[in-house]
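Consider the two complexes below, in which subunit A is the common component and subunit B and subunit C are the respective partners.
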Partner chain A sequence: MGILETLFPPGLFSASFMQNAWIAGTAVAVLSACVGFFVVLRGASFAAHAVPRASFAGAAGAVLAGGDTLVGLAIFSVLSSLGIAALSSRRDQGQTTALVLMAALGLGSLFLTLGGAYAPEVYALLFGQIVGISQGDVLGILALLLLTLLGTALLYRPLLWTSVAPDVAEARGVPRRRMEILFLLLLALAATAAVPVVGALLSFSLMVGPAAAAAYFGRSPGRSLAIAVLIGVFSIWFSLIFAYDTGLPVGFFVAAVTAVFYGLGRLWAWLWEIERGLQRAA
Partner chain B sequence: MLAFITELLAAPAVGTALLIGSLVAVTSGVVGVFVVVRGQSFAGHALGDIGTTGAAAAYLGGVPALYGFIGVGVLGGLAIERLGERARERDIATGIVLSFLLGVGSLLLYFMTQRISATGGPVAILFGSIFTVDPAVTLPVALFSLLALLLLGFLYRPLVFASVHPQAARARGVPLQGVGILFMLALAIAVEESALVAGALLSTALLIGPAAAAVRWTRHIGQAAAVAALLGLVTVWLGIALAYQSYFWSGAHRGWPVSFFIVMLVLLEYLLARIGPAKRASRSDAPREAA
Partner chain C sequence: MSSLNAELEREDAVLELSGLRVRLGGRAVLQDIDLRVRPGEFVGVIGANGAGKTTLLKVILGLVRPDEGQVRIAGRDVRDARSLVGYVPQSFSPDPDLPLRARDLVALGLDGARWGFSLGGRQRRGRIDEALSWVDAERYADQPIGRLSGGELQRLLVAQALIAQPRMVLLDEPLANLDLRSQDDVVDLVGRVAHERGVTVVLVTHDMNPLLPVMDRILYLARGQAALGTVDEVVRGDVLSQLYGHHVDVVRVHGRILVVGGTDSESLTCSTCDG
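Up next is the complex of A and B:
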């Protein structure tokens, strides 16, 4: 058996659950990279970590109430986003993010306890499960992709301004507070889509990793965004192939591959600094 | 009321929980004040999460969980400190280190579920319960608490200076990098021991909540540390008492999780502090949160 057949065994593309995983995974990678671009610009990794993680409580609540988990995820990611926005002042967003996350997780642990035994469905939501993505999930995720792309297109310029030069933006009449809320709602959309695929613990890997790496490679914001999307899509494809081959959790591969890209970005920036130092010396 | 308290103290699991909870609450409160003033909430939370990976590794390697927690916590803390030296890169670097180590953790937890048929192990690591703590860890936890507090005592003056006036401290020749690394060490120890006994969830709540409230209520960092330790103690005791009591609330005789009560109490303290007049131990020159 050749290496190609080992890497691409039968069923990787044809099995119906894998077809769902390919479509949903690619959509999630694209929308995560778009939102992640703003996450990196704003230095909002903590919020990007907290919102998907908090939405896990919504899934636990949905299981307890017998509702749809995607709806539970959506409700809790929006609620936690709004909670962070409402409580945070400009100087202490970290504290409020931590406390909102803790409140959601406290509720989550209550829901889990009241729901009795740990539902395997909820457990899969923590770590992501490519086998479990249904046709309905795919449609929901594609709808979220459309919404996120629309949001990114509409908010691109004002968000870029408020993130890069907040004072200039405010002087130009871009409402900082409203942009903050819109950004967090965009984050909630991405979290809702990403958690069923990559899991609540590692959804933020797809947001932060590709965009953080791209920030080192791209010379302009637009190019950084494009590179982030490319890295994100490559990461999820790589992860899907290896998760299928090895049976290991997909989140592990996503976290590892995106961390490698970030390392390459840091290396690239470091080499540039040396190069510039040499030029200056010469 | 008195009868309830004596009954509470008579239960052995509750006694251990109260003792260990108190140790963790005091250490987290004191360290937390510096975390809040330095704007390192994300790092403090990340360390708690990262401990999960160490615990899973320790379990698979047959080593006591405490050493897994502390070992990976210290490594992760140093990685965060090293990669995030520049303020601009700190938030992202913390995110990437957390993401990578959580990824490794998910792999290790997966191996655990493969090895043992029940999923009890990973769940215990992820959510931890202060009622199921092995009394044998009391002594090591006490020693690590002491170590973290001693480290803070040793660092106190330069750390306060570096946290409140970083520029002035640099100008006066305070080694900011060294202070940062040593503080990260104390932070990792404090967070990991509380993650071990109370779960990653409670470790962040006890680290940030009482400290954030205390910083708003006091004028000096020393006072804030004392208030935060006291608040933490009260929170943990009340939380344990409520969780114990909740066993009788529903007919099903299933107690509500202690973490739920402690987190809600912490949130309440913080909201009260936000509403009330702020004195701010950190004053306006405290560094901004990057997140």
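Up next is the complex of A and C:
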């Protein structure tokens, strides 16, 4: 403890709001990386971008109705996921995703105006309020962590198969459409947990950033998933420490750190390609 | 006695299509297709674009229900026979940075439809290595699939199909986008799958020529109808003219077969001479 206190600013680990932040942040990093792994495999970045943003409307609705933010987020992220699944054809998910996002954001702005939410609340929803996480939120986020971990573990192989070779998986009896719906529901769970912590605008970065970077470092699915989790957890820890120290927003650090990892991943792949070329030449 | 014989014959056929008719959007895509394929037989399904090849494959895979007729695989309904059929899809081009090695792709063919994840194990690894060796892919077993050539990928897809020990493998245009040497390699490999491993092969392609050395029978599709037999029985001017509904000529040049159709310049087509 003595060493920690000299290395890190006081209260970083001991203040109760910081303890909530550490637990919630770590949980969100882990579940975002797990779901993000499949987001990257399926090329579903736009959906991963849209669902957290659409769930923002749910939080705004919760403010209006005087309900729990997490419940509002859950309802709207599940509804938007199911909306994307129900409306999209096999070819073009982008268009319907955009329409669902548009509808949700429209509702969100209506709820905000009617509910008379004041600026800091809106700001917290958009950019996250990790140091404002309550004990109740922590429990909710831990429950969501458990659900997404169970879900990804259970669906791991069929989800992997429908992501990388959908035609073969379908021919062998894996229900492609149902897997798509289940994937979008996992995405909804991840969004619900991530929005209060890193905000509707940046929860995308924790989902796609670590997994996209990990694809360059880990060449097998298992290793890539593990590296995604490590990068995600490192990003959120790093961000918490520096946000606490500097007073700058957590979301900024998360986005910056994951972007750096992504850049390193690209560099790694580039070097690896050169080495392969040299090997072939030799 | 005759019913017993019929019973025995039915069990003997790996794939049996009888009186198959499929209509899509009010148009007859397949009409009166009858086909019985034996174990270890190599059947080439040949036809131009829109002849009904893909629909036929989907029917055999149980993804399209026929309007009339029956599809039976090893005497069973298609839906109960999914584990007996391996499938090699058309156009498989993974992202270059996909975190999936050759062995991971093949492993999905073994247990990709099961819940949960695999904890590995020596026996599973042994089966994957074995399947990789069937298609001579040991050399790139640990390479990410996004960086492999078309021919290497095609071999992996065959291994992915074979690892579940199917009775039959369906291949959809496996030679498209391959250079000539890779085409020959894949044809040779698939020929060995049929004739040495005894796995029935149904291979769909628009160009019959690469298959001539290994194909036992040909199912020639045109206008939703089919002619079935050996190449010499089917690929003849009179048979194909009747199938196409207009005059076509069959020309043999340097061991290659060209089907040239039409009598005026407008309908002059050469349905099988590309590639």
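Criterion: the second predicted complex is superposed on the first by the 272 of 282 C-alpha atoms of A that agree within 3 Å, B and C clash if a C-alpha of one lies under 4 Å from a C-alpha of the other, contacts with A are read in each partner's own complex, and residues count from 1 in each chain.
Quick note on the criterion: contacts are C-beta pairs under 8 Å (C-beta built on N, C-alpha and C of every residue); 3 or more make two chains touch, one makes a residue touch a chain.
Everything numeric here is computed off the predicted structure, so don't read it as measured data.
By the touch criterion defined above, A:Phe183 reaches neither subunit B nor subunit C.
Of the two partner chains placed by superposition, only subunit C is touched by A:Arg219; subunit B is not. In the superposed model, A:Phe56 lies in contact with neither subunit B nor subunit C. In the superposition on chain A, A:Tyr244 makes contact with neither subunit B nor subunit C. In the superposition on chain A, A:Phe76 contacts neither subunit B nor subunit C. In the superposition on chain A, contact is made by A:Ala169 with subunit C only, not with subunit B. When the two structures are aligned on the shared chain, A:Phe38 is found in touch with neither subunit B nor subunit C. By the touch criterion defined above, A:Leu154 lies against subunit C but remains apart from subunit B after alignment on the C-alpha atoms of chain A. Subunit A is touched at more residues by one of its partners, and among subunit B and subunit C that partner is B. Applying the stated touch rule to the two superposed structures, the overlap between the subunit B and subunit C interfaces on subunit A comprises residues 43. Put simply, subunit A touches subunit B in their complex at residues 40, 43-49, 87, 90-95, 97-99, 101-103, 105-107, 109-110, 112-114, 116, 118, 123, 126-127, 199, 201-202, 204-205, 208-209, 212, 248-249, 251-256, 258-259, 262, 266. Contacts from subunit A toward subunit C in the complex involve residues 41, 43, 153-158, 160-161, 164-165, 167-174, 214-216, 218-224, 269, 276. Within the complex formed with subunit A, the residues of subunit C that make contact are 61, 63, 82-83, 85, 87-90, 92, 94-95, 97-101, 104-105, 108-109, 111-118, 142, 144, 147, 157, 160-161, 164, 170. On the side of subunit B, the complex with subunit A involves touching residues 36, 39-42, 44-46, 83, 88, 91-92, 94-96, 98-100, 102-107, 109-110, 119, 123, 126-127, 201, 204-205, 208-209, 212, 254-257, 259-260, 262-264, 266-267, 270, 274, 286, 288-291.
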